[in-house]
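A, B, C, D, E and F are the chain letters, set down in written order, and residue numbers restart from 1 in every chain.
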Amino acid sequence: MAIIPLERKPLSLAERTYLPAILSGLKTTFARLLRPIETLEYPEQRPAIPPGYRGVPTLVKDPNGREKCVSCQLCEFVCPPKAIRITPGEISADAPTAQVEKAPQAFEIDMLRCIYCGLCQEVCPEEAIFLQNQYSMSGYTRAEMVNHKDRLYELGGTLPDPHLKWDKKKAAAEHGNTH
Amino acid sequence: MIHAGLNAYVLLSALLFAIGFFGVLLRKNTLVIFMCLELMLVASTLALVAFSRFNGTLDGNVFVFFILTIAAAEVAVGLAIIVALFRSRRTVQVDELNALKH
Amino acid sequence: MDIASLQTLAANNDWLAIMPELLLGCLALALLVLEIILPAKLHSRLPAVALLGVLALLVFQLLGFTAGFAEQESFNGLLVHSREGQVMRVFFLLAALLVGVISTISLAKQKLPHTEFYHILLVVTAAMMLLVQSNHFVMLFVALETVTIGLYILVSYFRSRPLTLEAGLKYLIMGALSSSILLFGIVLLYGVAGNPELPGHTASAMNLDSLHAFLAANRHNFLASIGIVLVLSGVAFKIAAFPFQIWVPDVYQGAPTPVTAFLAVASKGAGFLVLLVLARTFSPYAWLLAPVLTLMAGATLLFGSLGALTQHNVKRLMGLSGVSHAGFLLMGVVAAGTQSMAIGAIYFYLFAYLLASFAVFGVMALVAGPDDADQEISHYAGLAKDSPFLALVLAIGLGSLAGIPPLAGFMGKLFIFIAAFKAGLYGLLAVAIVGVVISSYYYFSWIRAAFFSSGTSSDGEATARPARTPVSFTAGLVLSLLAFGTVLLGLYQGVLGQWLNTR
Amino acid sequence: MGSFLFDFFAIFTVICAVGTVVNKNAVNAAMCFLLCLVGVAGLFVQLDAYLLAFLLLLVYAGAVVALFLFIIMLLDVQGKSAVSFRRLSTAAAVIAAGLLAVGLCSFAIHGHLDAPNPNYASGVGAALKPYAYQLFTLYLLPVQIMGFLLLIAMLGVIVLSKKIDPAEGAK
Amino acid sequence: MSNLPFDPLLLAIAIPLAVAVAIACGLPKRWSIRLAYVGFAAPALMALHAWFYFAGQTQVHGYAYLTNYSTGLDGIHGLGISLKLGLNGISLPLFVLAGLVGLAAGLYAIQSTAERLKIYLMLLLVMQAGLMGVFASVDVVFFYLFHELALIPTFIMIGIWGGRDRSYAAMKVTIYLTAGAMLSLIGLIALYVKSGAPSFDLITLRQIIAARPLGETVQNNIFALLMFGFGILVSLWPLHTWAPLGYGQAPSSAAMLHAGVLKKFGLYGLIQIALPLLPHGAAHWSHTLAALAAVGNVLIVGFITLAQRDLKQVIGYSSVMHMGYAFLGIACYSVLGAGGVVLLMVAHGLSVALLFLLATSIFHRTHTFELTEMGGLAQKTPVLAAFFVAATFASIGLPGFANFWGELTIFVALWQYSHCLTVIAISGVVISAVYGLRAAAKVFFGPPTEAFARVAAQHPPSDLNWREKVPALILLAALLFIGFWPKSLSTSLDATLHAVYAAPTSAGPTAGGPAVSGK
Amino acid sequence: MFDFFFNFHPVIQALIKGLAVVLVIFPLAGACSLAERKVSAWMQGRPGPNRAIVPWFAYIPFLGTFLQRLGVFHLMADGAKFLFKEEPVPGHVNKLYFVLAPALAMMPAFTTVTVVPFGAYFDGAGHAIPLALANVDVGLLAVFAVSSLGVYSLILAGWASNSKYPFLGSVRASAQLISYELSMTLSVVPVFLWINAPGTPGTMSLAKVVEFQSLPGFWGGTWFIFLMPLSAAIFLISLFAETNRQPFDMPESESDLVGGFHTEYGAFKWSLFFVAEYSHMLVGSGVFTLLFLGGWNPLPWIPLADFVAWLHGLLGSAVILHPLFVGVLSIAIFLGKVLVLIFFFMWVRWTVPRFRYDQVMKLGWQKLLPLAIANLIFYALAIAWVQTR
């Protein structure tokens, strides 16, 4: 690849005074002045969140109201800033989700550490953790900034789940056809 | 709107001159000495203006122009010397500037 | 003020009358311009331009191209052109030329910008020339300050040497102090002379002629006498006369050698000419002037001689010996109050002093090392063996300063003595004899170092001294001319003598 | 009123001048000097020299003292500048003070001038054009010299404070 | 050839000076030496010419060869300083002396082995020019100026080519002589100013003062200035201490010229200027001067001389002592006394120069000046011994030598002035005979000392060679010539002295014969 | 009609004048600061401050919202905050000068205002009488002289803070001020050369300049900005530098000096610096208006007198000719121009990028000063030629 040296064009006299540039700059700024305001008045006006926005990580339940998380701790493992802390818990046999081995007893995401990278969502085999459109996290104390399980579920809500994997499993088990 | 007499002005300027002169003798800090020297010049201009006003000739007032200019030039040069000296000797005290004695 | 009278005033500004000064100023500006437009390679030629310019001016001045303005006023009485003024123009041009030549030697040893030095030198010279012709306090003060401020810069020019800066600072403080004192004196005189309640008051109180007339009408005015004393004190600083001489040794030592020479000769010369003018103006106050000046002269003589006695540094020695020369000149000024021939004597003395001093300073510049302030008498050991030429020039110069016949300095002293004797200043003469004897001691000890010591200590090792600069053609020529002039002027006064005669 | 103004400015000026001399701290001294100049400018105004009063402020107060203050601060020498009296210089100062006092007293007593009528030529100094006329006719030569003076002062300051370029100079 | 086509006086000054300048400008050594011969010979020739043809010259105001060269300071309003040259009866003998001693010293120097011979010769030539100028000047300023011109090379020569203590000696000589010169300069200026003369030239001064004599006090004061000023230069006791030291350290040629000629400047000044113009002053101070000279110079210095063990010191002190006679002659204030002084000056100049020359010759053979380390040189160097003895005799004042006439005349004049002083003075002759003969004996006769024997063994001493003989001969011949024919000088001298000394006497009652009033 | 005022004791007169100055300058400076925020916002497509409101103002139906949207209450809140906030005085400072510096900053601003005429009315003979607190003959010189004292507050503030960045800031500020003062002074000289024709008494009065620009005729009545555009440009640029406005805001330059000379300041003392800066801008703009923009003359070649006459002809009401009305009108015109200039300041701020410090110095000494000198020489020659023709 040949290097092609480009001659810098010498400035003309007018350019060297910088006056034309300044004048055109003034024109630009003045034109800006006359244009309508483009900012949102935030609390009242909210930004439209585009699809695929990666907001605060949340936990979701399936349409049947079941926790999707199975406490596999993959997300905890993969989380670069170690923001996720999961305490796996047993599922009592009488629970409707008893066919699942485990569920998180506690699930904490420290939002002071979270970097919104989305790896947890990426890695979750159960599609239980999602970065959703929540963009504003605030609190008065450090403790407030740690999202506990309840808050996570509250933020996450329920997402439509086309698979309903565990329900199908349960049905199959009940059907006697485990595999 | 002249209310004070010529003698008052002249005596005042002589007093200022004396104070400045005294400062030159007394102080050790070259910068302050220099200021006192300027004070002496200002005292002279005061007398000059007063005389000019009472004598009814403009020469004195015009002379003040020159004195002011000279003072400015003098200060510029003087401070340049003081700064250059400070760079090499780290002091502006007169009694520490005695390398030339021997 | 109506326009017509203004036009008259403006028309009286006869620029042709100060052609030498104007040309000098233009030359100074031309140097700066040339430095900008010439390539850096040619910058080393600029001092030569300056020197040639001054030389040309000197030649023109000697040809007398402003002689037509002699004995008349110009610039509405700001300046008065006299034949003395013409002669002193030559004096200052000569001084500038010689300082320039010495500077080429001294500046070559320092890594400093050159052109500015010459520019300031030329401007100061022009201001001196105007100073001695001024007949008006405003003009006098302005020119004096231009000289002084220029000298502040020149004195501290070798700023990489801390001693130089210290000298500059001391000169600055003392100079500014004396300027202030002088100014206050001027103000008082102006105020008194313009006071409408006093007899003989004048509307142009700054003009020396008017002032003289006023003083003649009021011979015992308190404020005027205070003013006179203050003005004299201010001038005493410039000429390094007694209580205002304390700056001399330090400043002379610290200043670059050419500047020391300039201070010693041109500045002192200018001071004395101003003093002469002022003494003439204040002559109605002779009751005050004579005792003050006499005391000053005696003390200056003694202090200068005694002070120089203990010096080992040649620059300090030159400074203090210069103080004693100031004493001799002051003696002439005192005598000039009654004897008009004293004025001629002072002029002659100044010329003799110029030639001799520059011969000595030229040798000093060649002998000095890169540290300009460090010039001990011991550095001259063996000079006669290494460079007989320099030793001879030095001997002639010092001999003339000491007042040894047949050199010019002797004739200068002779004239001053005659004038002093005519004026009846016997006490001063006695002091002067003591001064001469003492001065012969210290000048001789310098000559002795140059001629009689071998430059090696007793165990055969060479004493430490800086390497001497080889004598260039120009320097050699100039030094020879100076030595020759010193001898010639001692034996044959010629034109200068005739000029003195007709004073 | 006028006399009061004179008294006020005179006392103010003298106090500030004394402050300049006796203040240990150089910055304080400079500020005192500044105030002193303001006082003198006030006196100038009373003498009808308005132009000079403002020039004094412009040149002296605005530039000269600022430069002083600047340098004082730049060198930061206030710590060391406590006035340490040596015996000799103290004695000299006392003598000088005595002499000055005597001188001033005699000045006040003997130097009494018959004050001219203050309304004599009262316009002097108040109008602007006479200054210009004087400067550009009678005093044209000094004005030209001033130009040269300023030029050499400028060059001098540059020479004294410019960094020495080792490549230069050895030409 | 009584009328030369040129001015011999000017040439006598200008030729040595020109040669000196030529040497200074870097003439090669060979040429320098050749030219130096010319430089030294010319003044001597001019002097001899002037001497022989003096009587035939037209005289203006008592001066022959009177010429005037303007310096730009004469003229109607001028100070009246000009290079005015001329010779009268008083200056002629001294002019001759200067020429002869200069020639001798020059010849001796050219042949010597001094280091840096060129510069040495140059300085000597300058000195010679100055000496010629001193005695040829009619103008007082130039009279003084030429003296200093001759003096400076002395300092330098002492400083460079002098003995062990040369630095100190040079310094001391400089200070003393400068002081003396300054005093006398002020005296001369005073004379000029107080007389109101328009010119420094001596003729005018005389005329003016003759017409309008100075007041008594003025005369006294001026005479004091001149007396002490010139006195220092001539080593009047107690201001004499520079002289032995200086001569002891000076190289021989310089010592010859200075002791022989230059020192006479002060006496010359007193006789030519002070006495005639200030008769009252002379009378007023004559007692002091006589007392100082008799007690100090003659007796005290005489005894000091006796105590000297160094040959050069002996000669130096003896020279100081002999100046005492001269002062005594001046103190008499009479034509006779003054004439005696002039004769003595010439004689002493010749003899002391000869002595210094010979002393150096002795030193070359013995390598010491210590009298105690010498002896028996006469066996090896009979000619040298003869010369030295002759010179000693001359210096003592034996008849046949010029000194005799000088001393005799002074004693006669002194007898009229004061018997007591005469006795003292004559006792001085005895003292000088004692030390003179003792020195000669110590050096030349008796057994050789060990030290001398050792030196003689290493460097066998040879007798006087030609380069030493010729200058010595010149001096000795002059001594003898004047000794046998004093009239050759005294005729013109008498005439001038009578003319000069008579003028003020007739002018006013104040100067009514101080020689008588001295009683 | 103002006789009653002049009958007061002079001290009371002075007090009233001083009070008037304070009362005018402070609100105006505050308004400017608000304007600055609004203009900045608009230029960046933002609404700017528009939230704060005093509770019961919200009930005023239309005006309340308008004021809220305009951000007026922000201004008040700021002022209240400055007043009531804790005054921190760091322990390492020089107390006296630390406190003195902000006060000094206000002083030149307040003093110069007194000599700036801000309007005119017509007396019975139809002469325009300028309105000014002190109409002195050396007006402009007084402005320059006193405003040159402003440098002290900067130096002292920086030095008294006894801290690195403030000191650097103050050094920069003072050097900048001194550097540009020269060009500024030189640039206005042609104006005075022009108005001080031979035969007229010499003056440096600002009112006289305006009077000159109100003369009838094309050349007489023209504004000096058309006559001497270069002078105006130099003056304006120097004014930017003198007031430390962008692109010359070296002293503050928050990116490298934290906050410049007032880094250590807070609360009320800081606000004084803030107000002082706007006061300088106001006075500077006022002087520029008087010198180059015709002062209180509404439009080029239309003097105030003509305008009033035209208004009178249009409306036919005698009130128009009443001095009070004319005075207010002229003040309004003058203030309008000043505000336009202030707007220009803000406009430039968001257009031209900041200079480096060396560029500032270079511009001042190597570009502007020679330009000013050349300009002066050119006009001196031209005026000499025109006026002696």
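Keep in mind that, in the parts below, contacts are C-beta pairs under 8 Å (C-beta built on N, C-alpha and C of every residue); 3 or more make two chains touch, one makes a residue touch a chain.
Because the structure is predicted, anything quoted here is derived from the model rather than measured.
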Set of chains adjacent to chain C and to chain F: D
Steps needed, at fewest, to go from chain A to chain F via touching chains: 1
Chain pair with more C-beta contacts, B-D versus C-E: B-D
Central chain (distance from its CA mean to the mean of all protein CA atoms): C
Chain at maximum distance from chain A, centres defined as averaged CA atoms: E
Whole-Å separation of chain centres (CA-atom averages), chain A against chain D: 72
Centre-to-centre distance between chain C and chain A (centres being mean Cα positions), rounded to whole Å: 89
Centre-to-centre distance between chain E and chain B (centres being mean Cα positions), rounded to whole Å: 64
Whole-Å separation of chain centres (CA-atom averages), chain D against chain F: 30
Multi-chain contact residues (two or more partners), chain C: 138, 142, 145, 149, 152-153, 156, 159, 191, 195-196, 223
Chain B residues counted as touching two or more neighbouring chains: 10, 20-21, 34, 50, 54-57, 59, 62, 66, 70, 73-74, 77, 81-82, 84
Chain E residues counted as touching two or more neighbouring chains: none
Those chain pairs that satisfy the touch definition: A-F, B-C, B-D, C-D, C-E, D-F
Complex contact set, residues of chain C against chain D: 1, 6, 9-10, 13, 18, 25, 28, 32, 40, 43-44, 75-76, 78-79, 110-114, 116-117, 119-120, 123-124, 126-127, 130, 138-139, 142-143, 145-146, 149-150, 152-153, 156-157, 159-160, 191-192, 195-198, 222-223, 226
Chain C contact footprint on chain B (complex, rising order): 10, 13, 17, 20-21, 24, 30, 33-34, 37, 40-41, 43-44, 47-48, 50-51, 54-57, 59-60, 62-63, 66-67, 70, 73-74, 77-78, 81-82, 84-85, 88-89, 94, 97, 99-101
Partner chain C, residues of chain D touching it in the complex: 106-107, 110-111, 113-116, 120, 129-130, 133, 136-142, 145-146, 148-149, 151-153, 155-156, 158-160, 162, 164-166, 168-171
Touching residues (chain side chain C, partner chain B) in the complex: 137-138, 141-142, 145, 149, 152-153, 156, 159, 162-163, 165-170, 172-173, 176-177, 179-181, 183-184, 186-188, 190-191, 194-196, 201, 203-206, 223, 249-250, 253-254, 373
Chain F - residues contacting chain A, complex: 39, 42-47, 50, 347-348, 350-352
